[in-house]
Amino acid sequence: MPAVLRSRLAPIGLLVVIIAAMTPLIAGSAFWLDNSVLVAIFSLLALSVGMAYGQAGILSMAPAAFGAIGAFATSIVTTRYGLSPLVGLALALLLPAVVAYPMARAITRLSPLPLSIATLLLSLVLELAIREGKGLTGGYIGISGIPPLWFADSVFAMHVLSWGLVVVVLFLYANLTDSAVGRAVKTARHDPLRATADGVNVPALLASYFAISASVSGLAGWLYAHHLTYMGPDSLTMHVSIKVVLMAVIGGASTLLGPVLGAAFLTLLTLYLPAAETQGMIFGGVLIFVLLVAPNGVLGTDWGKLIARRSDKQPMAVRPAATEGTA
Amino acid sequence: MKSGWLGAVASGAAAIAVAMTTAAHAQDSIKIGAIYSLNGPAAPFGVPERDIVEALTKNLNAQGGINGKKIDLIICDEQTNPTEAARCATKLTRQDKVVAILGPTLGTGALALAPIALANKVPLLSPVGTIPVTSKDNAFWPWVFRTAPSDTLIINALFERAVFKPQRKRIGILYQEDAYGEAGMKLATQLSKEKNFEIVAAVGAPLSAIDLTAAATNIRNANPDVVLLKTSAPALGAAFVRAAKQVGITAPVIGTGSLNQRPFLDAAGNAADGIQIVSIGNWDDPSEKQKKLGEVIVAAGKTPKGYAELIGSTGALAVFEAIRRVKGEVTGPAIRDALETICGFKDTYLDGTLCYSKDQHEGVFQDTLITVEVHDGKFKTVK
Amino acid sequence: MYELVEYLLRGALLGITYGLLAFPVSLLFSTTGSVDVALGAYAVLAVAVAYSIGGPVGILAAILATVFASFVVGIISLRLNRPGAVDHVTAVLGTFGLAMFLESLILSVFGTNPMIRQPFDTFWNIGGIRISPQTGINAAVCLVILTALFVVLRKTPFGRSMRASAANPVGASLNGIPVRQIWFATYLLGGLLAGVAGVLILYTTGADYSSAFTLTIWGFGSAIIFGMNSPLRGFAGGLIIGMVQALCSGYLPGAWATAIPLVVIFVVLSMGRMNQIVSTGGRV
Amino acid sequence: MTVQVKDITVRFGGVTAVKDVSLKLPPGKIVAVIGPNGSGKSTLFNAITGMVKPAAGTIEVDDTRIDAMPPYRRIGLGLARTFQTPRFDPKVTVSEAVMCGFYPVHRTGVFSAMLRLPKAVAEEGDFRERCSDILDDLRLSEFRSLTMNELPMGRVRLVEVARAVANRPKYILLDEPAAGLEREEQRMLSREIRKLADRGVGVLLVEHNFGLIRELAEHVVVLKDGAKLLEGEPETIAKDRAFIDVYLGSAGR
């Protein structure tokens, strides 16, 4: 039993140790603290992609859109109605899930490609809705003057809070992955028919899982709004979603820490890239390179095996994976 | 599996070490930050803004800088995204310790990073028209200065010239779906109630639209006396005038500011003939000052594009002037105070004067606006 | 009524461009089951190359450039996919990477200016509706491609192999059909078609560095409307999308005009046209 | 208290794959379905578990009509099945694969699983114990941490059976479980199937190996071209002229 526990929570422990070690180094620098908070926020968004794509096989192109729902929800209730950010938090967790679930169900039998296109469309429609939201969302101008969190009103406190939330989400995520539901999701991703034979209501399960992942994005949006104190239609757009997907994929979407690593890597990369028009080439190039060398991402790849396998023959696949039925 | 993590930790630690050593630099130069959109949809504005600010800084340093101090310009790419704009502001203020920030390209970016300027007591000189950026309700108001004509200014001038003076009653509007277009629509709706004219057609177009024939048909069918073009993107403006010609709109078309540039004419072809634009400059018939700006741009190896260089240069020159006026140590607050003394300043490339004071940070006024008309593929200034 | 007809006609003319982009989308989907989101970027690349070089040489160079770009995507997707062990979503991500790369490349090399050429200065007058002769050329090119595709798909051995490897890749490869080569050829053909579309866009509406994504979305939407599996129906889908867009911007206010066509695609998508999972049988 | 299939017809397009087939599977009994390839055995399985939709006929489990139910609810009622070609994620370990079989009996909600509430821990522990019992029974314990692609095909079939019995089904449908198994493995499998029946589980068996059927089944249904050819006890069937013609004449040896 303890061995099981250790293996499941070990990556989280590693992350806690790294954050704890980094904190005194950066505590004096508002700049690094600010970057650290952003890495944490992007980690949450990327984890949401990791859950949806890495576990359930749904490539969500809308993490930033779900984040925007959360961010606007808290921005609106705190600035327009003067409610507590905690009310905003509840909405930020709930609303994205409420949008995500029926959407996933609407794409009837949930084959992954159309659903990811649907998330893309959702992103675009939501951006339009935010722009047309006039008084509610602030239209094209957005909402400024969002109150910082009273219980985390310094950058340092935000650093602690946001990484704390990342660790909590990782803990919940690790537990969920290692449960009957988590196993069923993995099976359904690989082979919906097999999952059905296991007694799984595949569309409902995947849609629920997708909704949970949307909630994680909403949480990121909540932190985002209260950290930046400004939320506008250009803030969490489809371009951000694509970047977040990149983070998850590069780090390893199916692993616990992959999305976090990806978020840290890409955030630091933008910091050190020269400010120029060529940035997209570097991002696109990195993505293609990772996909070619290690399609499961940096942490999702067993490097030792990969190198050994180069000289060896490919092992035979047990299941001729074909989701297209041959009736 | 672990090696990836160790690598990440090591590079992070190295980055911190670098940051800490650079922060300890002594002040033998004056650091100014510049945040522009070099990627994403706003790049057509951000790129020329960066180019002119870079060129002006280089020239200034070649002439010995200000009071013997060189200007160290640090550029950051906001990627048409407020998050990145705010990140840029944090980096520039906290890590590079700049004393003033030029930019960003977009109004939403300005709103996102202004609180950071306030927190770090650094003035922000923003080349945006977005109205709320200089609203006095903002806590950050004291630190934000506008270096471009505001949307209110431009829209009022547009209505004055296109509607009130010729006493036209039926107005058709094509607006782009963003802050700029929305501000125009809002003001137009308000004015139509006060001034007794009718908006017979108002059609929005997303920035990404490439074909506007249906939109133009809609406007043509409403039979307006004049069509107002509220777009800032040259591609969109050109797409509309082409469509207007094709569907046969005969009413005059009058646009604003940033259409006054070469790419618009190139993309519109001879469909642009007769279009009028309310603007702040004219590269085909430049004033003395703009000729000089043109020379700066050409000397830097670029071609003048139009609006973006004018408003970009204004911010740079204003901050240079403010630094000249600072007595003692050059700090953010000192520059801010000095900026408020700049009024009637003529050494920008704008025609007309720049003016900031203790209670207004708008900078650019009515006297800088001109009207140009397109003739045979060239802009002609209408006197 | 007259107004309605004009909107429908203008929409259909716009839709020709979308229909052209829908060809490669459904061709690729029906053959490999995958999707190439870089198609819009190929088209813009063609626009940029043909614009800067100009003339017939420019057109040729543009098409070569796009075929080369699709060559890269073909290699990526071959590396990621084997018949029998297919990860379409990862392959799609690869095309995303290429799309980002190309957009940035176009921005860096060709700049931000809109790119357009307008060879015609007069208009045809069809029942009082003025139309540029270029749209006539577009329609003609489309018809030629439509016919050629039909012939290739239905009448040649290549087309038969293509359809066979679409229906059952494992079975096809067991029957000696070179499935991987066919897939690769489909990617190249997709690049070629996107290149032709790009050249026509240059002479019709023009584009700039940021147009790629929009073109991809509408090409996609067109392909989805009547079912992704038929390249020939994708063309009709393009006309429909164009008409929906024209009607929306004619009759709906502001952002609705932009949102409704997207919603239409979403609804069609959720009706399950593109869904391929069929729960049949224990036999695989 | 049986699985009752009445006059099931399944069509794919114009082809009738199963025609008016009826059968009964009482608890504790082993019923075999036999027939040449393409005779509709797997399709019959798919119709019972809901993976194909019958054009006509009814299916009942313990007097509950299930032919309109989605597959997952039928599994929930106590049906379980294996696939002729085992469908596994090749990267999953043996014990994880078997753990997946517990899904129909899991009672922990998503939230208590995420929070790892005591209830969830207890259930997870229970599953692990039962999983290791099943692996012991099928002599798979030593392979438990191997991944599926490292396992020989015969063992893979056993894991498939292990996964199906994990949720303690009332009725189990085995699709050629012995194909490709070595003699020793076959013997063990047949012992396990017998044990299941003794525990009161109804076993529906599709099998080519008539020896195994003779050894296990109490009742045999012979399908030909989707229709029932004959049924009865294995010994009677084995002597039937029609059966020998169709079946042993072509596929048997």
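Per-chain numbering from 1; labels A, B, C and D assigned in written order.
To be clear about the criterion, a residue touches a chain if its C-beta (ideal position, glycine included) is under 8 Å from a C-beta of that chain, and two chains touch if they have at least 3 such contacts.
Not measured: the values here are computed from a predicted model.
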| item | value |
| --- | --- |
| Most widely separated chain from chain A, with each centre as the mean of CA atoms | D |
| Innermost chain, taking as reference the mean of every protein Cα atom displayed | A |
| Chain pair with the greatest number of C-beta contact pairs | A-C |
| Mean-CA-position distance for chain D and chain C (Å) | 46 |
| Inter-chain centre distance, chain B versus chain C - centres from mean C-alpha coordinates, in Å | 36 |
| Separation of chain A from chain D, taking each centre as the mean of its C-alpha atoms, in whole Å | 39 |
| Chain C residues counted as touching two or more neighbouring chains | 104, 107, 254-255, 258, 279-281, 283-284 |
| For chain D, residues that touch 2 or more chains besides their own | 12, 51, 71, 81, 83, 85, 87 |
| Sequence positions of chain B contacting 2 or more other chains | 39-40, 43, 47, 177 |
| Residue ranges of chain A touching chain D (in the complex, touch as defined) | 1, 4, 172-173, 175-176, 178-184, 186-187, 190-191, 193-194, 196-202, 208, 212, 315-320, 327 |
| Residue numbers on chain C that touch chain B, as the complex places them | 3, 6-7, 10-11, 13-14, 17, 104, 107, 111-116, 118, 121, 123, 130-132, 201, 204-211, 213-214, 245-247, 249-251, 253-255, 257-258 |
| Chain A to chain B touching residues, read off their complex | 14, 18, 21-22, 25-26, 29-32, 34-35, 38, 131, 139-142, 144-145, 224, 228-230, 232-237, 239-240, 257, 261, 264-265, 268, 270-272, 275-277, 279-280, 298-299, 302-303 |
| In the complex, chain A residues that touch chain C | 53, 57, 59, 106-114, 116-118, 120-122, 124-125, 128-129, 131-132, 192-193, 196, 242, 245, 249, 276-288, 291-292, 295, 317, 319-327 |
| Sites on chain B touched by chain C in the complex | 39-41, 43-44, 47, 177, 202-206, 208, 210-215, 217-218, 221, 234-235, 238-239, 242, 246-248, 263, 266-267, 269-270 |
